[in-house]
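These notes open a run of structures that come right after.
In what follows, subunit A forms one complex with subunit B and a second complex with subunit C.
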Partner chain A sequence: MKFKRSMVLVSNDPESLRKGAADVFRAFQLELANFDLTEEISLTQFTDGGREDALPLVIVYPEACAYGPVTVADVKRIVEEHLYKGRQVDDLLAPVKELSGRIGWLKTRKGTLPSEKRVVLRRAGRIDPENIDDYIADEGYQALAKALSLTRMQVIEELEEAGLQGRGGAGFPTGRKWRFVGATKSPKKYVVCNADESEPGTFKDRVILEGDPHSILEAMAIAGFAVGANEGYIYVRGEYQLAQYRLEKAIHQAREMGLLGENIFESGFNFDIHVHSGAGAYVCGEETALLESIEGKRGEPRARPPYPTTHGLWGKPTVVNNVETLANVPAIILNGAEWYRGLGTPSSPGTKTYTILGNVNFKGLIEVPMGITLREVINIYGQGIVPGQSFKMAQTGGSSGSIIPASLQDTPMDFESFRKAGVSLGSGALLICDERTCIVDLAITLMKFFKFESCGKCTPCRVGTDRALRILTAISQGQAHLDDLDTLLKLADEMELASNCGLGQTAAVPIRDTLKYFRAEVEAHIRLGVCPTGVCDMASELEMA
Partner chain B sequence: MPTVKSLEDLKRIREEALQKREIKSTPGSVQIIVGMGTPGIAAGARETLKAILSFIEEQHLTNITVRQTGNIGMDSWEPIVQVQSAENAVVTYGKVTPFAARQIMEQHVLAGKIVTDFVIPA
Partner chain C sequence: MLKIAETKDLTAIVEAAVIKHGAHADAFVPILLEINHEFGYIPGDAIRMARKFLHELYGKNPEEHILVSEGQLYGLASFYHMLHTEKTGRHVVQFCESAPCHVQGGRELWKSMQQSLGLAAGETSPDDRFTLKTVSCLGVCGVGPVVLVDDDLYGNVTPEQLADIFAKYE
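Showing the complex of A and B:
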C-alpha cells in the first residue's frame, strides 16, 4: 500500500444517510479522482459524528478537521482548497459544540505527544512517582477529601451516574459493583486492586502503577469509604518489580502524611493497603483465583456464585477492580459524572487506554475517548501500517479478546458497539497484523498460550485447549482434514459452555473468529496444502519439492 | 513529613509544592525530566541519566534540577527526556542515548538552542 498522507472520513449513520451522505461520499470519490489524489488520500466512512445538526460530517485527518453539515456542492471546495492546496475551508467547519467528544479530543492533540486531556494517564510521564508532593501539587488526594465530605451513597451514585465500566476486560458497571458490596451487612469488607495484568502485550496498568501510584491508593481509599471497607490489597504481577517498589514507597509516604491509616481527614474513616505479589500465573488475574492466591492457596478459580461481592477475600464481601478502572475514580469524584459523560459515547463514557503493537509505525500506549475506531487508532496513533504492507486484522485484548478483520475496522470501539458486532475489547491490547501474518499461525500462538496457562482444574479447558492446539498444528502442517474444522468448532462450544472460568471460555474465541472471518485461508492449508502467506512450514516444503 | 488532617492542610501542602516548582523555574534555571518507567530503563534511561548527571558535575552547573518520571506512553521513542527552561516550553526529546544527552546538555541547556535532531516530531 502506498503511503497515504491524509484520510477523509464521511459519516454514514442513518441520520447522515437520510441527509445525503451517500451522495457526498460519491462526490468525494469523483473529486479526489479529478484532482488525481486517490493515490495519496484514503477515503472511508464512519459513524458517531456527534450531534445531528452537523451531519453529514466529514473529518479530515491528520488535522482532525471537521466539516459539517456537508452537501454535495461543498465537496469540490473541500477537495480543492484543503486537500489539494492545503488550506482549511473555514466557513464549512462544523461548530465545535456539535462535535462528539472523540473528535474534540483528536483536535486537541499536539502531534505525536499525548493529549493534555488524558484522564487515567494524566500524570504518567509528567510527575515524579516517588514524590508525594508532586502528586498533591497536581490535585492529588483532593478527591478523597471530597468523597469523605459526602455520604457513602452519594459517592456510589456519582459513580453510577458517570457510567464507569470495568476496564479489566468484562466491562461490568463499577458503581453497581460497589453498591452490591456496600449493601452487605458484614463488619469486615475488602477492596482489592487487580494489578495482575498478564495478558500478553498489555502494559497499561504497569504504566499507571509506575507513573502515578498514588492515584490507585487514593481510588482504593475512596472505594473503601463507599462500600464500608477498611483494608485493601493490591495484587501486582510478579514481574512488575518497579511497580511494586513504587507502590510500597507511595503507601509509606501516604501513611506518614496520614492519608492512609486511621482517622483520615479526621473523618473517622480508617483505611490501609497491602501489596501482594503474584508469581507468574495468568489465571491468577481471574478475580476468584486472585483471591485464593492472596489467601495463600493454589491459584485456581472458585465456583461462582457466590460472587466476590458477597463472598470474596476470606469469605468477606469484596470489591475487585482493575487498575485502570480505579484510576478513573478520583477524576470522576473531583470533576463530576457529567464531565465524565462528556468523554466517550453515551453507552460507554470515558476514555480507554490501548497498547498498540505489531506492524505499525508507532508502538506504545495511548489513551483515547471510547468510540474511536480501529482505523483511526492505526492511522493517527499508530502512524499507519509499516511501509509496503496493508492491514489484515487486529487482535484485541492480549489473548482473551477477539480477532478483528479489516471489515470491522470502522466499528466504534466501545463496549456496546463491539458487543453488537460480536467482538470484544478485552483488556486493551491492539496487536495490529499486516498481510504477512498467517491466521493459523496466530491461532496456534494464542492456543499455546491458553494451554500453557490453563490451571487444569476443569476438564473442558485442560483437555480442550490441548486438543484444539493439536488440530491447529496439524492444519499448519498440511495434515488436517476438513471435518477437523467441525471438531474445532465443537471443542469451542464445549469449552465455552462448560469451562469453570473465563480462561477456557475465551480460548474458544480465536477458534470461532478464525473460522468466521478467515475460513478460506484455513481451508487453503487443508485442501491445497498451501499456506497463502508462506508462514507455515509446509509451504516452504512444497516449494522445495 | 507534615500530616494532613483537613482539606486546608492538603491545600497548603499543594501551594507549597507549587511554590517550590515556581522557584525551580526562575530565569536561567532548567528542569530535566528523564522517563524512568520500565520501557525507558530497558532502552537505557539509566545510562542517559548518568550522562546528564556527570555532565552537570564536570561543568559545575547550578540551577539545574534533574528529576524522574514514569512512562509517558511513547515506547517507540524511549529513552525520553523532557527539558524545560523558564524561556522555552517543554521540549520532548526521544531516543536520547548518552551521546544525544550530552549534545542536548551542550546545545539546549547551556546555549539555549533546541537540538532539533532529537526532538520527537509532531
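Showing the complex of A and C:
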C-alpha cells in the first residue's frame, strides 16, 4: 500500500451540499489529478462540519487546517499553494469566532495529529521489561517515592483532580474509588489489578504488562499506600503466560531492591503483590466474579451492592483497577494533575489506547488523546479502509461495545460524547468493518460469544443469549418472521434489566444497535430471503432453487 | 503429550502441585491448572487426591482456613475453559471465533478447518490425534484469523495453509 502524505476532507452534510459541496469535491478530484497528486493525497468526504457559516468546510491533515466556506474557484489555490507548494492559504481559512464546534476543536488540537501521545505505553518496547534497572533509569519508582512523601489524602486528591477514569470500560472516577476504600476502617484491605483482559479485539493490557510490568507494581504500591492496604493481587488471564512470567520476575526484582515488601523507602509502609492466574473465563473480567475466582470459586458475579470498595476480596474493602488505569497513576503522581488535564478533553482527560482491527490497511495498537474521532483513527492511524472498499460500521470495546454506524464516525471518542450519542467506548477495541460485512452475521458472532461466556448463574443471561442466538441464526437462514424482531428487542430489554452483571446487560447492546442502525438490512433477510452482502447462507433460497 | 502423561505418576504430580501452591482457597485453581497441564485434562482420580492432600496439608497448618469438597473442585474444573474434564486428543486445535478474526477471514477458515479435520467443535478424532475446540479471543487480533495448536500460535491463517500446519502434528 502506498503511504499518503496528506488527507483532504470535504464536508458533505445536507447544508454543505446545498452550498455546492459536491462540485467542490469534484474540483478537488480534478485539481489533484492536474498536479499529479492523486497518489500522495487521499480525498474523502465527511459530515458534521460544525458551524454553518463555514460550510462547505475542507480540512487538510496532518496539519488539521480548516478552510471554509470553500467555493469551486478556491480549490485550485488550495491544491496549488497548500498541497503542492506546502504553504497554508491564510485568507481562505475558516473564521475562528469561538473555540467551539469542530473548527475550534481542531484548533485546540492542532499539532497533536497524527503523532501519538504515549503515556501508558511510553516504555513498552523501549526498555528491557525483565530488567528493573532499565525501569529505574526511566523515572521508575520515583512516583512511589514521591507518593510516600505525601499524605494518603494528598495522593487521592491528586488523582481526583487529574480526573482519571477507569479504562476497563465503565469510566468510573479512579480517585473516588480510592477515596471510598480509604475511608473504610478495616485493618485489612486489598488492591487488585484486573488483568483478565478478554474482551475480543483488546490487547492493550497485554502490551503494558509484557512491555512495562514494573509500572503496574509501582501503581499498585501507590494505591496500597493511598487506601491503606498492604497486599495486592494481579489477576492475569490464563492465556497470558508471558505477562505472568514477566510480572513474577519483576516482583522478585522489586523485592530484592526493597521496592516491595517491608518498610519501603524507610517509610514504614509495607506492600507485597501476588500474581494469580485465571483459567479461561471471560466473565472473570467482571470485578466481583474476579474476586470469587481468586477465592477459589467458580467465577460467578456477586450481587451488588455491597460493592468491592466495602466488601471485596475475602470480604475486605478492595480497590479493583484495570491495568491501563493503573499504568496512568505513576505518571500523574510524578507530573501532576494539571499536566494530565492538559491531555484529552475537559470531561475525559488523558489518553486512551485503541486497538485498530478489521478491514483497514494498518492494524495495531495506538495511544492517543481522548476525543479523537473514529474517522481520524481509520484514515490516519489505520491508513484507510482496504482498497476498493468503504466503511460500513465499527464495533467498539470488544463484544460488549457498541456498533457505530458511519453517521457517528465524527463523534469525538471520549466518555461523555459517546454517552450522549448513546454508544459506548468500551475497552478501546475498534473493529472496523467494510461493506462486505453482513450485520446479521456479525451479530451472530457477538451473540455466540456471549452465550459461550455466560456463566449461567442468572436466567436472563443464560436463556436470553441462547434465545437471541437462535433467532439471529434463523434470520441468517431466511427462516425468521418480522415478529421475531420484536421478540429480539423484548429479550434485549429483559437481559438489560434483569441480568445480574455486565455480561448479560451488554449482551443486549448488539441486538439494539443492529436493529437501530441496520434494520433495513435485517429485514431484507426476512422479507426477501436475501442477504444483501451475500455472506449468509440463505437456506430457504437454496431449498427453493 | 499424552503418551508421556499416561505413564506419569498421578499421585506424585498432584501432591507436588498441592505442596507448591499450598492449602489456601486461592490455590485451588492454580493446582488444577498444573494438573491439567501435565495430563491435558483433569482425571477424576486427581480431584479426589487433590482434596485429600489439601486436607492433609491443612492439618499441618491449622491456622489456614480450608475445607473443600470434591464437588467444589469438580465445579471449578467444569467452569473454566482452560481446564478440561474429558480426555483430549494428542493435540488440541483451538480456533478463535471472536468477531475480529471472524471479519478478517475467520468465517471461511472455520468452515474449511472442520472439513479438513472432519470434526465439529468439541470433537476428538477417532485416532486421538486432534481435538477441535473454539476459544474466545486470544488477544492477538492484529494477525487474525488465529489458530492455536497445543502451545503454537498461527496468525493470518488461510484455508490453503491448514494442511501444512496440521501435518506438523502426529
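The working rule: the second predicted complex is superposed on the first by the 428 of 545 C-alpha atoms of A that agree within 3 Å, B and C clash if a C-alpha of one lies under 4 Å from a C-alpha of the other, contacts with A are read in each partner's own complex, and residues count from 1 in each chain.
Convention: a residue touches a chain if its C-beta (ideal position, glycine included) is under 8 Å from a C-beta of that chain, and two chains touch if they have at least 3 such contacts.
Bear in mind the structure is a predicted one, so any value in this text is a computation, not a measurement.
Colleague: Go through the superposed model and pick first if A:188 touches only subunit B, second if only subunit C, both, or neither.
Modeller: After superposition on chain A, A:188 lies in contact with neither partner.
Colleague: Using the superposition on chain A described above, determine whether A:210 touches subunit B (first), subunit C (second), both, or neither.
Modeller: Only subunit B; A:210 stays clear of subunit C.
Colleague: On the A-aligned overlay, A:452 touches which partner chain: subunit B = first, subunit C = second, or both, or neither?
Modeller: A:452 sits against subunit C, while subunit B stays out of touch.
Colleague: Which of the two partners, first being subunit B and second being subunit C, lies in contact with A:442: first, second, both, or neither?
Modeller: After superposing on A, A:442 lies in contact with subunit C but is clear of subunit B.
Colleague: Once chain A of both complexes is superposed, is A:200 in touch with subunit B (first), subunit C (second), both, or neither?
Modeller: In the superposition, A:200 touches subunit C alone.
Colleague: Please work out whether A:280 is in contact with subunit B alone, subunit C alone, both, or neither, and reply first, second, both or neither.
Modeller: Second partner only.
Colleague: If you stack the two complexes on chain A, which partner ends up touching A:242: first (subunit B), second (subunit C), both, or neither?
Modeller: first
Colleague: Between subunit B and subunit C, whom does A:399 touch in the aligned arrangement: first, second, both, or neither?
Modeller: It touches subunit C, and subunit B stays clear.
Colleague: Of all the subunit A residues, which ones make contact with subunit B and with subunit C?
Modeller: 203, 206, 240, 363-365
Colleague: Which part of subunit A faces subunit B closely enough to touch in the complex?
Modeller: 110-114, 121, 123-130, 132-134, 136-137, 139, 141-142, 145-146, 149, 203, 206-207, 210-212, 240, 242, 253, 256-259, 265-266, 362-367
Colleague: For subunit A, which residues count as touching subunit C in their complex?
Modeller: Within the complex, subunit A contacts subunit C at residues 197-203, 206, 237-240, 274, 276-282, 293-299, 355, 357-359, 363-365, 395, 398-399, 429, 431, 433, 437, 441-442, 445-446, 448-449, 452-453, 455, 535.
Colleague: Per the contact definition, I'd like the list of subunit C residues that touch subunit A in the complex.
Modeller: Subunit C residues touching subunit A: 24-30, 32-33, 68, 72, 75-76, 79-83, 97-100, 102-104, 107, 134-142, 144.
Colleague: Considering the complex alone, what residue numbers of subunit B touch subunit A?
Modeller: Counting only subunit B, the residues touching subunit A are 1-7, 10, 13-14, 16-18, 20-21, 33, 35, 37-38, 41, 67-77, 80, 92, 120-122.
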